[in-house]
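Listed below are the structures to be examined.
Look for chain A in each of the two complexes below; its partner is chain B in the first and chain C in the second.
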Partner chain A sequence: MVIGILGRETWGQFISVWRTPEFALPTLLFPAMFYVFFGLLFTMSRSMHMPTWLLATYGVFGIMGPALFGFGIGIAVEKGEGWLRLKRVAPVSPWVPLFARTVMAMLFALVVFVILASLGALFGDVRMPRLDWVLLAVTLTVGAVPFCAMGLAAGLWLSPQAAPAVMNIVYLPLAFLSGLWIPLMAFPTWMQQLAVVLPPYHLAAIALDVVGGKPAESVPLHITVLAAFTIVFLAIAALGWRRAQEA
Partner chain B sequence: MNRKLIGLLIAVIAFVVFLFLLPQPEAPEPDAWPVIDGNTFVLRGVRVFDGERVHTAADVLVTEGIVTAFSGKVPVPNGVPELAATGQTLLPALLDAHTHNFGASREEALRFGIGTQIDMFTAHTSLAAARTQRDSVERTEQADMWSAGTMVTAPGGHGTQFGMAIPTLDNPADSAAFVAERIAEGSDFIKFTVEDGSGWGNGLPTLDAETLAAAIAAAHAHSKLAVVHAGTAEEAALAVEAGADGLVHVFRGEMSPALLAAIVENDVFVIPTLTVMESLAGQPNGLVDDARLQPYIDPAQEDGLIRQFPGSGREGILTTALATVRALHDAGVVLLAGSDAPNPGTAHGVSLHRELELLVEAGLSPQAALASATSRVADAFNLPARGRIMKGARADLVLVAGNPLEDVAATRAITAVWKNGFRVQRARFDGATTETDLPKAPAVLGVFDDGADGWYATTDSIMGGASSVTLAARDGALVIDAEVKTGAPFPWAGAMRSMIDGGMAPTDASAFETLTIRIRGQGTVQLLFFSGASAQGVPAVLPVQLEGSWQDLALDLSGVAGLDLTRLRAVGLTAGPAPGAMRIELDEMVLR
Partner chain C sequence: MMRSMETIAELRGVTRRFGKQTAVDGLDLSIPRSGVYALLGPNGAGKTTTINLMLGLMQADTGAASVLGRRPGEMDARRAIGAMLQVSGVPATLTVREHIEQFSGYYPRPLPFAEVIARAGLEGLEDRRFGKLSGGQKQRVLFALAICGDPELLFLDEPTVGLDVEARRRLWAVIRDLAAEGHTIVLTTHYLEEADALADRVGVLNHGRLVAEGTPAEIKARVGGRIIRCTTTLSQAALRALPGVRGLRRHSARVELAVDEAEPALREMLARDAALSDLEVLGIGLDDAFLSLTEAAW
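Moving on to the complex of A and B:
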């Protein structure tokens, strides 16, 4: 029964987002376009295999979009339209739509992976052992969760008018400063150190370890940091939820 | 509803198919390797035993002798040679935890993939040079060595019978000073002997419990490990009681539960040296008949492998030893692979491969046996950056065909050995030449217009002589001021030049026929050529008569007895052996 509702809710979320071009197109096209430009067409460095390196980082960039926008803007808009109020009185747990939205973000992450992996394999000469391909897909899919939590927190706190602007302002600099567009080594040292406090940096570190771009000092540490970020964002979201109810 | 389920199923299957369609690294033929003269390269798609665990297919990047990346797929700077090694297994160069080193032993060990040896008793005069070598990442043909130096034994005890006069210890009061002397001599750890000689039927004096405990405490006060050769189970119990960190043999006789408990309780490691137990048992090891090893076994090694202990043949000894090792392993005791080469029935390098097999026979998994010859030794003796393949580790590596994690004897099928990232030229003794092409020897050995061109001083001081020499590059010539004094068995003083960067690595000089020299001096000088299978070999000597004025000489190399131009390592120019002062001026030396 619950699974049925969950399935329908997820499918509904996915279809509604898929049919919203102003959401689906940028989140799927931007990472692919950037990857083609910076990873495949202009190879900046001769000292490493850029298509492999950037497959990992643009993969992270790609999965951030659906998670942040799906939650951040989606929740804010639903809140504004009174949907949240409606769902609160509906005979279904409020967790169901949240979970469905998360699954939607992960499905989008898989689509991003399929697009980028195809581009890299066909045009970038990216070659990896099968296990590494699978691990990258898993990393990017599961890696969407912290950004879902981040989006959820933003969506519950922001007004529907402010949400799109704020998310866009956060999204692009966050990706850039975490070294997702250009490898961090190209940055000044202080910017490299700054990246350590940004969640995408840690997911990218894991993804780079998987593709062999740069062995991570400690993968468990990066996972712990991401888990900690998730918990913090969920706590902020819980406060936001309480505030929205009081309003 | 059903249709949706089918749709979901199709989507999942499509994704799995997609994953399978994603391209994997290709696997070119291993024998298509380029010849590399440096110590920077990447190995592709190789199965890696990292010292503890197995990685099915990884890339290992070595940069100037250090492992700098190790992962599924390493992006590599342009120009770095790529070596495909699909289907083969890369291991850290092995560590032999029990050897006795002299002569060509460390060269013999490296040839069989042993990168570091833990020596349990040798002349302490060799320790300083060993220390210098192990700190550098220069090209070398020798395994690195950590050593106990002089072992600590009682007057007339085990260790004094080898014809080398060594100091001995017979009371607790002297132990602190005695141990301090060993450390001053350069001992990396202290080895004690508790051996009544009952194994070979003669009562030997040995260290008593009180002296041993005091000396071990002294070693620990210097933060040095204390390891003990304990002959019998009773002696082992005594050693553990006295505070030993490790036992360097499995002991004779049955192990009591109390002894096992004490070993576990005190975290004592054990180096079983089963190969030497096998030899004591009078059983053949079969190593000289193994086609994977045989071509690389030199005559001295072969002699060692088939030699027998006088009065060997006590059959029970190996059976008991294997049972003890199994019990130790089951109890979680750290076991280290050691050969005790070059005792009768063993040889440096070769025997460690048999030790791995015997450890597996005793009940270790191949993986545990391989760890006991790599990471476990490095951990027990605190040797950083060795025994493991990881970022920052020294690139001492051995590549073998097949999978030693399934059949541990696969370590014998060595395809390549690297020391400090340099490919080791494994000398063969079956008449065939080495399997890889050597780098070409340089033609110009010196013009001295811009410094000494890599020439360095050499004197008999390394043999205890008193001769001296100074070198200076002046006015386009190398000025060698030699002062030869009596003292060494063969006095000399002069200058030398390695074919490659300061080491004794062989180069291919077979394209050359003549050596031309522009030189000035008065009297007889010796031209030395270091060449052939061993870096320790006696050089070929060509005496040259100088007449006091500048001379242009063209020397025919085909006539020089003992010179192997296919493996030329270094050339030297020395005064001696007659004593006296001599100035030699060398303007030019060229191979043609």
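Moving on to the complex of A and C:
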């Protein structure tokens, strides 16, 4: 029965997002478009294989969208409409919709990755051992979780009107400053140092390590930092949930 | 001897404040098992807060609430409860069928899908997306979600708001059927007519307190009545002595009189004051009725 509930809920989440083209199209197409422009058409450097490098970083950019928007805007809207209240009255654990939404974000992350990987392999001459492809897919899919937590915190704290604006304001600068569009080496030193406090930087470091673009000093350290970010965002979300319940 | 009724939900001395506002003020309320209980009151009377307290959506500042012998919000209580809340929207891109199937899946013994559709009057709309429905149809989907788990106890918060007359009557009939099958239904309304048409018992709320409780007939006797407005030379004392007078308001010769029934008082007034003019007879509005319940006299 639990599996049935989780399955239906996850399918509902996925299909609901899929039927919202104004959400699904940009989150799927923007990363692909950027990757084609900056990764495949205009390669800036000859010293490294840009299509491979940028597959990792645009992959990170791509998985951020469904997580941040799916959670940030989705939860804020459902909270505003009173739908969350109806779910709280129904005999279903709050973890079920939360799980469903996380799986939805991960599924979308996987779709984004498959699109980018196909483009890279077909037009960018990206070549990797099969195991590395799988490892990159897993890294990016699981790597959506901290951004789900971030979106969840935002969705529970923000009004449905404020959420889309705030998520957009966060999304693009966060990606840029973490070196997802242009490698950090091209940035001034202070900006490179700033990137260390941004979650996408750490996920990108792991992804780059997988594709052999740039070996990370310590993958476990990056994983730990991402886990810590996740916990902090979940704690902020828990406070927001309590506040939303009392309202 | 009347057998004491079994209680399915109750509040004991519950107070709930929002900032400086006291939404529910030391409320004692006990909902008998089976039948329809209507919480009647004007906007801001505390009806929705009362429901939210019984659903566990809000916690009491003081006092205790219980439903089905449990703390509100406990999973075992939730399995036996359905609720139609004032919700402005549900995920718009899912169809009626997808919504109902998802919700039915939460309950241990849900109603068959076809029965939910039939009871909620959603035939032919099963595969329409929620976002494409009219206001009344959306309201019916929310009703469907409330009943799909075949709940023992059903909460309906202003269920007929936004429905046209026909849809309202239809929903009333379904609610009566559910009650006849032994379900307990708690509904809020600000229409005396709705409480009268549906309820076995009516609790009248105002300013977060229960100001009257009884059968619809008892409540109507207390809050019904007529208002007579006219210009008359009759003295205050003479007016007060008229049959069935509850209250009197006077601005010089202009008089407003609250009475149980208009005709006996009018007959006498017309007989005694040939110059009586500007006559109007009005039904007592619910707001006036609340005044007459909450204040001894006006």
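Just so we're on the same page, the second predicted complex is superposed on the first by the 247 of 247 C-alpha atoms of A that agree within 3 Å, B and C clash if a C-alpha of one lies under 4 Å from a C-alpha of the other, contacts with A are read in each partner's own complex, and residues count from 1 in each chain.
We take it that contacts are C-beta pairs under 8 Å (C-beta built on N, C-alpha and C of every residue); 3 or more make two chains touch, one makes a residue touch a chain.
Since the structure is predicted, the reported quantities are computational estimates derived from the model, not experimental observations.
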Fit or clash between chain C and chain B when superposed on chain A: fit
Chain B versus chain C as contact partner of A:Glu81, first or second or both or neither: second
A:Ile223 touches, of chain B and chain C: first, second, both or neither? neither
Contacts of A:Gln245 with chain B and chain C, given as first, second, both or neither: second
Touched partner set for A:Ala121, first chain B, second chain C, both or neither: first
Touched partner set for A:Arg19, first chain B, second chain C, both or neither: second
Partner chain in contact with A:Ile5 - chain B first, chain C second, else both or neither: second
Partner chain(s) touched by A:Val89 [first = chain B, second = chain C, both, neither]: second
Overlay on chain A, chain C to chain B nearest C-alpha distance, Å: 12
Chain B residues touching chain A - in the complex, by the definition given at the top: 4, 15, 18-20, 22-26, 45, 56-57, 59, 69-78, 391
Partner chain B, residues of chain A touching it in the complex: 7, 11, 46-50, 52-53, 110, 114, 117-118, 121, 126-134, 137, 209-215
Of all residues in chain C, those that touch chain A in their complex: 55-59, 73, 75, 78-79, 81, 83, 85-91, 93-94, 98, 101-103, 105-107, 129, 142, 145, 149
Residue ranges of chain A in contact with chain C within the complex: 1, 4-5, 8-9, 12, 15-17, 19-20, 77-78, 80-83, 85-86, 88-93, 245-246
